[in-house]
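In what follows, chain A forms one complex with chain B and a second complex with chain C.
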Partner chain A sequence: MTALLQETLGVLARVPGVRAAVAATVSDGLAAAAVASVEVDADTLAAFAAALFQRTRRANVAAGYGDTHQLVLDATGGRLFVAARGDLALVVLAERDAGAGLIRVALQRAVRSA
Partner chain B sequence: MAPDRDRASGRGVPADPGGLAFLPMVDSLRRLGRLEEARRVALDGLGRHPYLADAHDAFARVLADQGDERQARDEWEFALRLDPTHDASLKGLGFLAYRRRDLAAAEQLLARALLRSPQDDGLATALRRLRAELRGAGHPVTPDRASSGAAASPASGPGHASGEGARTLFAALLGDGDRTALLLDRDGLVLAGAYVDGGGNEVADEVGAHLAGLADEAARALEHLGLGRWESLLVEAQHATVALSPATDGAVVMVAAARDTQVGLVRRLVGQARQRADAWLGAVA
Partner chain C sequence: MTRAVAPWLDAPLTDFVRQARVGMAVALEPSGRVLAQHGFTRALDVMAVCSLVAAIHASASELGRQVGGRPFGPLHHGASGQQVFLAPAAAGSGTVLVLAVFDDRTSLGVVRHFFAAFARAVATVPDEDRATGPLTGDFERDLGRNLAVLFGRA
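Our next item is the complex of A and B:
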């Protein structure tokens, strides 16, 4: 399981512009595995990304939009991608100018294979 | 005798006189084109379950297949009197309305059915096509949040006269398709935009309250991760793609579009809606 996750995260981390890829549990925001090309606090990333995803998931269900598949948070200092299947979330932290389309597709593939 | 043959032959009913086995049997016979047998089995089941909406629905389907639309409508309407939320009957009546080209009625019925069965992708697709036809014919449509987060018609809902400027702030941006946009203040209260569900209810306050909290959560995450200010949040959900963006004075712009809308278009729309919202907030300040 961990080897597969590491391999999946490794694929994500090789996408141009990606700084870090982390696997975490949505329910408690704990990091399960991480691959980073720069120094990134994987635990902090996992905790806040999972909290945001969980909140988004609840809001979407309450608003009638159904389950949440993926989110992209654009900020002045970077891009945060989160996709989940069940309680496993894959989190990608990328440069501000990283190609969102490429990362989005890679993340969708990774979630299916994780 | 094998169960499948039992089912197709219509001879399985006596083995289950009080049960509901006749319902799938009617469907099987209809699919095989054996409408007279389907009719007999449906009538037999209806005789044993006269107050069961599913039984009237099964009989109505056979009647519709046989071209007896008047009686099919009676059966579906009766089923809805027994169970006003019976989605199959809503779909059936919607189908009949569409067939007689009463598109507005068909749209209302299918929107109600979709509220009851939000997972029904086929129904959602049919409703989208129907709405496209309606727009082409110049009719207003009733948006349905369960399928798409659809756009409110500028002329729909209360407040059309008094708050028209605010309600229709984003109408020109949204164009064709199932899209809506809201401007929310920092507490999640609606400042502009409109959102009417398939039942004709104004749901902007409810949707806004649920989604506005995401802005705080996003800002909190970014602060702890040292990523600066948030510019947009794009969410792909089961039935809709939703985008949020911060506007002036802590306000938030939200755009929701049908799931099959291109993600890039939704992001572009929220950027345009944000510009419009900022200009509007500046003008009303």
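Our next item is the complex of A and C:
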């Protein structure tokens, strides 16, 4: 399982502009595996990205929009992508100028295969 | 509202509770002596929780020494509703135990992250600031005085 996750994260991490790819549990926000550049704290990224996704998921359910498939957060310095299936979330932290479309496609593929 | 017998714990525990969004928290010495609390409404609950936390920490530490030579670190009990997180933090030359009770408004990862910030904050408190006064030898009086402070009766 860890080897498969690591391989999946490796694929995501190779997309140009990606600084970190982390697998985390949505409910606990704990990192299960990570491929990250040295300046990224994978545990912190997992904790906050999972918390954000869980809140978004609840908000969407409360609004009657159903399940949340992917969350994209745009910031001045970069982008955060989170996709989940069940309690497993895949988190990608990328540079601002990284190809968002490419990352989103890769993330959807990865979450299906993880 | 956070109330502390030990003023040096007031700000770090308040920050931890607010940022990690835990419902209840108590800080104590490994002996079971309460130092600060947030969210408890009855003195009796704090007394019972501190006794249990001290006993759990002592048992887990000894178990860790027996099986691996080192005491265990943080402990987490998950459940579908409330969860508990119990961890020691070095404070100067001593140790502070913190028990946090939380629900699904936050997560273990977030609680762990802000507990690390709490631990960094208390690690640098000088021993002279950390002193909460020696036990007078009259445990009941100490306990009564501390609980009165924690519940705003002093």
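We adopt the following convention: the second predicted complex is superposed on the first by the 112 of 114 C-alpha atoms of A that agree within 3 Å, B and C clash if a C-alpha of one lies under 4 Å from a C-alpha of the other, contacts with A are read in each partner's own complex, and residues count from 1 in each chain.
The rule is simple: contacts are C-beta pairs under 8 Å (C-beta built on N, C-alpha and C of every residue); 3 or more make two chains touch, one makes a residue touch a chain.
These numbers were taken from a predicted model, which means no experiment stands behind them.
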Fit or clash - chain C, chain B, common chain A: fit
Touching partner for A:11 - first (chain B), second (chain C), both, neither: neither
Which superposed partner A:62 touches (first chain B, second chain C, both, neither): first
Chain B versus chain C as contact partner of A:76, first or second or both or neither: first
Contact breadth on chain A, by residue count: chain C or chain B: B
Partner chain(s) touched by A:104 [first = chain B, second = chain C, both, neither]: first
Which of chain B and chain C A:48 touches, first, second, both or neither: both
Which of chain B and chain C A:28 touches, first, second, both or neither: second
Smallest separation in angstrom, by C-alpha atoms, between chain B and chain C in the superposition: 10
Intersection of chain A interface sets (partners chain B, chain C): 44, 48, 51
Residue ranges of chain C touching chain A (in the complex, touch as defined): 78, 104, 106-110, 112-113
For the chain B and chain A complex, residues of the former touching the latter: 118-119, 145-146, 149, 197, 206-207, 210-211, 213-214, 217-218, 220-222, 224-240, 242, 256, 263-264
Residue ranges of chain A touching chain B (in the complex, touch as defined): 44-45, 48-49, 51-52, 55-56, 59-60, 62-78, 80, 93, 101, 104
Of all residues in chain A, those that touch chain C in their complex: 24, 27-31, 43-44, 46-48, 50-51, 54
